[in-house]
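Read through the structure below, which is laid out as structure tokens, and then see the notes.
Letters A, B, C and D mark the chains in the order given here, with residues in each chain numbered from 1 onward.
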């Protein structure tokens, strides 16, 4: 048996935060990147994602050591999930959520997770 | 002031559901499609998304009338958000959420929204 | 010094063939895939690419052994260049070109190359 | 009957130029963009594409008027082919080719075409 419930600000904030990480990942993975261009790419991902409604902040770090190691003879590689550490904060009504995309070496997987959910009280 | 709270199954289910819709959108938008290939593309999106953990069901409808209208002289177009109606059900622990991506004509926007959240009681 | 020259059918056929491979690669890389869904994904890529003008044939093989090896605990992985072997034949006017995308183990690189150029004589 | 021919620098230059435009298009289409971020996005696309071997120059112009018109209530839109004017110069051996992606209003189509092929003589 299931019990249906009303949808809260918190629910919507979490849903929106998931959309932002899923979209960002599939939009930018595959982009050619080098140690010379990674800062520019970080800023571009941050500012593109921050255009969307409800996004309070975005912080993107591309691991330069992994880019260097993955680089081919032409000194660049494709951006992959293993290189990314992304933090996004989304606000929806009274709810604020902090989510993160970070490669987990043990899982060999770019894990997306909820780090914090807060209720904004006035 | 903010009050931090524990993260529930419901929170994670909503976050995961958002990830699935955001990822799907940016993965498949831009794919060449015609009225001849849209059913194949629908099934492929459904089965690809359903591979991911926690996805209970996926239903993808590509609007054939919109594909026909958008088709160029070569009888195909690129898949766009306006053509999509996608329903995904995600389960995480005791929580089940139903989410949807559907173009809203008034907003001129492919809206993603939470349609239902249920607690699975035994 | 450079010498400018007229653009031939052969030139255009090669240019178009490059477009098709470059587009296909960045469109489909990242799609969730398993040994269960790879045939469906192969057919979908083939039929999507074949919609475009000038494409005479497309053959996509996704290496099932590599998919199996790359699969995570949930038995799927993301489609990567290393898994793909794609042959496309493009015709433009009197010219026909055969191109291929295939992972080269020595180069650790999904190489795109021209395999054959023919002049279609009547 | 077809007559097979050897593959020249010119052939390879055209093929590579096509790959670059096809890849660029499907990599960046869909990125959120506003009149505030379009210059940053232009530079990022240029520098990302220029990392690849054989690319002599890349010039990307995103039409700010079209971005403004396409913007939703949140003042951003998704990057589309209609907004792009991209020029790429590729060199392969003794051949240099100039290609362009530009929206053609009459065709309602983001056309990719070869603008010039030169033989580099010493």
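Keep this in mind: a residue touches a chain if its C-beta (ideal position, glycine included) is under 8 Å from a C-beta of that chain, and two chains touch if they have at least 3 such contacts.
Treat the numbers as computed from the prediction; the structure is a model and nothing was measured.
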item: C-D compared against B-C, more contacting pairs; value: C-D
item: Same-interface partner of A-D, chosen from the options A-B, B-D or B-C, over half of the pairs matching; value: B-C
item: Whole-Å gap separating chain C and chain D, where each centre is the average of the chain's CA atoms; value: 19
item: Computed distance of Cα centres, chain C from chain B, in Å; value: 27
item: Where chain A touches two or more other chains, by residue; value: 26-27, 30
item: Complex contact set, residues of chain D against chain C; value: 1-5, 7, 10-12, 14-27, 96-97, 99, 112-114, 116-121
item: Complex contact set, residues of chain A against chain D; value: 27, 30-34, 36-37, 40-41, 43-44, 47-49, 51-53, 74-76
item: Chain C partner contacts - residues on chain A that touch it in the complex; value: 26, 29-30, 72, 107-109
